[in-house]
Amino acid sequence: MDIHEYQAKELFTEAGIPVPPGEVATTADEAEDIARRLGGRVVVKAQVHAGGRGKAGGVKLADSPEAAREYASAILGMEIKELIVKKVLVTPVEDIVSEAYVGVLIDRANQAPLFMVSPEGGVDIEQVAETNPDAIRKQSVDPRYGLLPHQAYALADFLYDDPKLVRQATKIVGQLYDAFTKNSCSLAEINPLIVTPQGEVKAIDAKVSIDENAFYRLPRVEAYRDLDAEPESESRAREAELSYVKLDGNVGCCVNGAGLAMATMDLVKYYGGEPANFLDIGGSSNPDKVVAALQIITADPSVKAILFNIFGGITRCDDVANGIVEATRRIDIKTPIVIRLTGTNEAEALEILGEAGFSAHTSMDEVVQKAVQIAAQA
Amino acid sequence: MDIHEYQAKELFTEAGIPVPPGEVATTADEAEDIARRLGGRVVVKAQVHAGGRGKAGGVKLADSPEAAREYASAILGMEIKELIVKKVLVTPVEDIVSEAYVGVLIDRANQAPLFMVSPEGGVDIEQVAETNPDAIRKQSVDPRYGLLPHQAYALADFLYDDPKLVRQATKIVGQLYDAFTKNSCSLAEINPLIVTPQGEVKAIDAKVSIDENAFYRLPRVEAYRDLDAEPESESRAREAELSYVKLDGNVGCCVNGAGLAMATMDLVKYYGGEPANFLDIGGSSNPDKVVAALQIITADPSVKAILFNIFGGITRCDDVANGIVEATRRIDIKTPIVIRLTGTNEAEALEILGEAGFSAHTSMDEVVQKAVQIAAQA
Amino acid sequence: MSVFIDQSTRVVVQGITGRDGSFHTHQMVAYGTQVVAGVTPGKGGQTFEAGNGARIPVFNTVEAAVRETGANASAIYVPPPFAASAIMEAADAGVALIVGITEGVPVQDMMTASALVQDKGVRLLGPNCPGLISPGKSKVGIIPGEITIPGPVGVVSRSGTLTYEAVNQLTQAGIGQTTCVGIGGDPIIGTDFIDCLEAFAADGETEAVVIIGEIGGTDEQDAARWVKDNLNVPVVGFIAGQTAPPGRTMGHAGAIISGSEGTADEKIRTFKESGIAVAERPVDIRDLVKEGLGL
Amino acid sequence: MSVFIDQSTRVVVQGITGRDGSFHTHQMVAYGTQVVAGVTPGKGGQTFEAGNGARIPVFNTVEAAVRETGANASAIYVPPPFAASAIMEAADAGVALIVGITEGVPVQDMMTASALVQDKGVRLLGPNCPGLISPGKSKVGIIPGEITIPGPVGVVSRSGTLTYEAVNQLTQAGIGQTTCVGIGGDPIIGTDFIDCLEAFAADGETEAVVIIGEIGGTDEQDAARWVKDNLNVPVVGFIAGQTAPPGRTMGHAGAIISGSEGTADEKIRTFKESGIAVAERPVDIRDLVKEGLGL
């Protein structure tokens, strides 16, 4: 889960990383007050889970509290990459001598954290990697040893020549690694890490992603979740413990298993349709989940046909059938439903559905074609 | 460095290990007050760096604050293994269902921490190892991974059958390991770890040794040093950065290098003498160290002859010679000194000593025989 | 022949008294798998009744289970917070194969567990995988036995039900399998595609291989290159997630397109370049296997 | 021949600008050792003047030193709080031999460093050791060159000056050495007696070996058993600390009798049982070597 810049900065500050002060405002009034407290010259930064905030006009330098108010007023409510800005971070303007990049992420191939640093900060690191790969130094971290002192030093030494800056950066690299492990991050980035005219090294922007699987031990971080930052349907799906991703098509998909769900979406596309969502009801046999899934799918007005594709293994087909019947009792579903069920307890499922007036298929290929056809005709 | 039971319990409490409350008294009055605060029934325990306190009468169970006063009065000032008791720990009496042993130390052969646990606690673990080795379970800890949860569980599982006790003990084993690593211990022991009639697992006695080389990062633990617990000469030697161990003989030894110092002691014994000390002045060429060494040796009234055995490598013989001359100027040394110097700047050294009226040898064997002879004749 | 497991595999189930562990122990025993022990801390000494009259002893630790029963493989059904630790316990206890079924294990926990597994020289499958089945011999995990039959095809996949779909179609067409292996959908897993391909290559009875991949990471690309250089039997490939948007996790924690890495197009391209017959639809897998086997 | 180092050894000195590092760099250069680089963080780019006109480049990191100068051995003189880290840096940078001179390294730091050194397959000598010298070829560390001459005896010891004593007596009697190795007096060290004995056994020119041990641990006992089973040249042994009281550290952190373990008597007994000629006095070492060599 991505967290906001101001939240990431909280985690960094806790780890000891020097981060300039700053406060979050949800109104222009608040922004003005904060700017006044911080001495007048501030940056007003949109807090949304999207890159390119600056280009979109979501980051503004204000010379006075009044200007801060004005910018905050403009930025709050702005839409950046389909996300509405509901909060701004107000933070003092820093004079900048140089900008560097420091980041650490999980490297799947090496099964280990990977540090990347570059003296060319303030820009997208993937861009640096393409245009000037020699300006990036990488360091894989053996999880058995953690980041070793000489590795932190060598990364810092790549960024700066002045031993005083190297010393500060060495410490920051170590602190970033601590924050990364303590908060079970999949990504933790400082970009830019600046040097001030006074020779201080500071983190000016922060980007952090957290492994949701670790939330059970990170209640504070879990509370960082911003429900405004995702479609309501996804929040509801999470509550029902469903994997759901909203898409733009008109064929609503309800599948058991992530791989089969993706393959179902692909097959919808193959036959000329567009999937309205990814939805994996998981391996559980709980009819309530099926109900919740149907509620979420039917709440999407674009959906013109609902497609069930269930391969019963652990999931019992009769449970899914019961869920479908139950859902159609609880909610008034107008959208046509086509169903494919095969595997464990298939016969019982077909009987349950038949009694409730549904017919069911056993071939995935057939049922997808039918759903696409129905959606196209709607 | 060994620390006192009450200090070890402080470290354990910090790590979260359940330790009954307790306070330290240096007078019988204090002991009575503490006993009253703790509810009357207490154990009064001598705080000295020596095993076998119980057998020596240094641990007493008091039924009342008055009794605590009486016992404290008897124990304070008592001599246990040549150490005078200056402090007692007063702690509530615990009812005991069972006593176990849990300890972790540095295993040289495996270069790793080694846990040992036994359901037969309250006695010397080395004795259990001899009489009933099957009653001990060991677990080597890979320092790259630290103590893994299943290892802590398996150790606890060896101690108890009741899952509730196993759960508590698992936690305590983990906390003991944390205390061990955080405080750079060479040994950390709970003996006994008791079970109360209420089913609580608690640490009743604690023994901890700390690696002095880590003191630079453990100022609090370094302050645990009890100067009363060692001969004054050893405290002075430590201040002068000398390695010194007081022994019972009459030939005072001053040597550079630990191995050569031990070999010199052995050779004194070989020729019928008894070394008065181990003393390594180290590799440094600082005359002040030689002065300090001579002050410490001459302060020991048993010393009848002083033996220098210096092999100049990094240590320069002329520096040692200057130190000897300097020391004889500063302090009035009545004890005869015999000197062996060879190696780096040997010629200069012999000249310096000659001018000051000393003669010097170049053979270790010769000079040791001579020192033994002089001491024997004194 | 089969790879990784056969009739001689002796399984300890970690988390045997839990909901999933209990259910699948019954399933495994019913299929004929030798489940010789269970582990649930605090329940050592109990007996687990697995149907068919099978009485499986439960131990507090894997170490005790291995010592008392000679278990040489472990199936892990413990909850996610304890799963990495359970894997390390199994590795430490000296089983040869660990099958991690649990979904939702924190990735950083898995980094450590995976390092230990490698240090101990143990094979880990998963986590977040359906396990594996050598039809007619043994199954460890959750793959439904009834959709498989013995035969000449090796199947390796990152997904569960999509594999069932493919295997079921093979079975219905009368084409059996040597072993079907689900390697799991997490970003950090033990055994990968190449490990499985190596095993199939060394197995004299595997005459064709099916690889079912998905978006995320570069495992499929690495596997394709390995196939090109090393494998002499026909290989059929399928990649799920062509319609998945970048930056979103598609159910499996590992199924995410990050930047330009891990797209379905890239994987399909590499498959084709390496001589792997790529199925456009799941149903094509069966037909391409038939073709490959000359049926 | 010699073991571990010879004329081709290229040394980087970690802590070259410090008091000890600086002094001994001069000594090593004067002896003829190829000191090719120094490392002091923050002083990269400077040049260290080592006498004889030698100008040694200083780097911020061992990695840079190795890359720029091809150093293949490191001598460590950094202060104790940073010594374990310096060892790990050297191991990570890929030198083949690390000589840890620093005394007073925390034992728990060394546990981690030693594990990494082993993971990397690097040879570590020490810490808290005098280093090693192959007379006439190279010395890395602090053993005084002038007390050694080339010849047929391999010397391995846990101590410094006691070794000088023994080596000096050999040299004065005209008996030279292939290599003299000080393995260090700490409880946790890299290369141990057996590693050195194996190297001497493989060295065609080592015709006799001297082992100088002391109280503490069981390294000498293990070495003795190894000698009995594997070594065909005469071995002379000496153990320091017969008069040491139990439970007290005798200068070296590792020189301590704990319980019944590590006494001089036990070590001497094992030496004798293994056919090692035990010197009662240091001066006897020379005579027993003479005897062993048939001189």
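A, B, C and D are the chain letters, set down in written order, and residue numbers restart from 1 in every chain.
The rule is simple: contacts are C-beta pairs under 8 Å (C-beta built on N, C-alpha and C of every residue); 3 or more make two chains touch, one makes a residue touch a chain.
No experiment lies behind these values; they were computed from the predicted model shown.
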With residue numbering as the guide, point to the option in B-D, A-D or B-C that repeats A-C in over half of the contact pairs. B-D
Taking each chain's centre as the mean of its CA atoms, the one lying farthest from the centre of chain D is chain A
Between the Cα centroids of chain B and chain C the separation in whole angstrom comes to 55
Expressed in whole Å, how far the mean CA point of chain B lies from that of chain D is 28
Going by the touch rule set out above, which residues of chain A reach two or more other chains? 144-145
Show the residues in chain C shared as contacts by 2 or more other chains, in ascending order. 112
Could you draw the chains as nodes, link the ones that touch, and say if you get a line, ring, star, complete or other? other
Report the complete set of touching chain pairs. A-B, A-C, A-D, B-C, B-D
Sort out for me which residues of chain C touch chain A in the complex. 23-24, 80-81, 104-112, 114-115, 130, 142-144, 147, 157-165, 168, 185, 187-188, 212, 214-215, 217-218, 238, 240-245, 248-255, 259, 264, 280-283
Taking the touch rule as given, give the residues of chain D at its contact with chain A in the complex, in rising order. 41-42, 44, 60-63, 82, 85-86, 88-89, 92, 112, 116
Could you pull out which chain B residues touch chain A in their complex? 144-145
What residues of chain B sit close enough to touch chain D in their complex? 106, 108-109, 111-113, 126, 142-144, 181, 184, 186, 211, 213-214, 216-217, 243, 245, 247, 255-263, 265-270, 275, 278, 280, 283, 311-315, 342-344, 363-365
Complex interface listing, chain A residues touching chain D: 145, 148-151, 153-154, 157, 163, 166-167
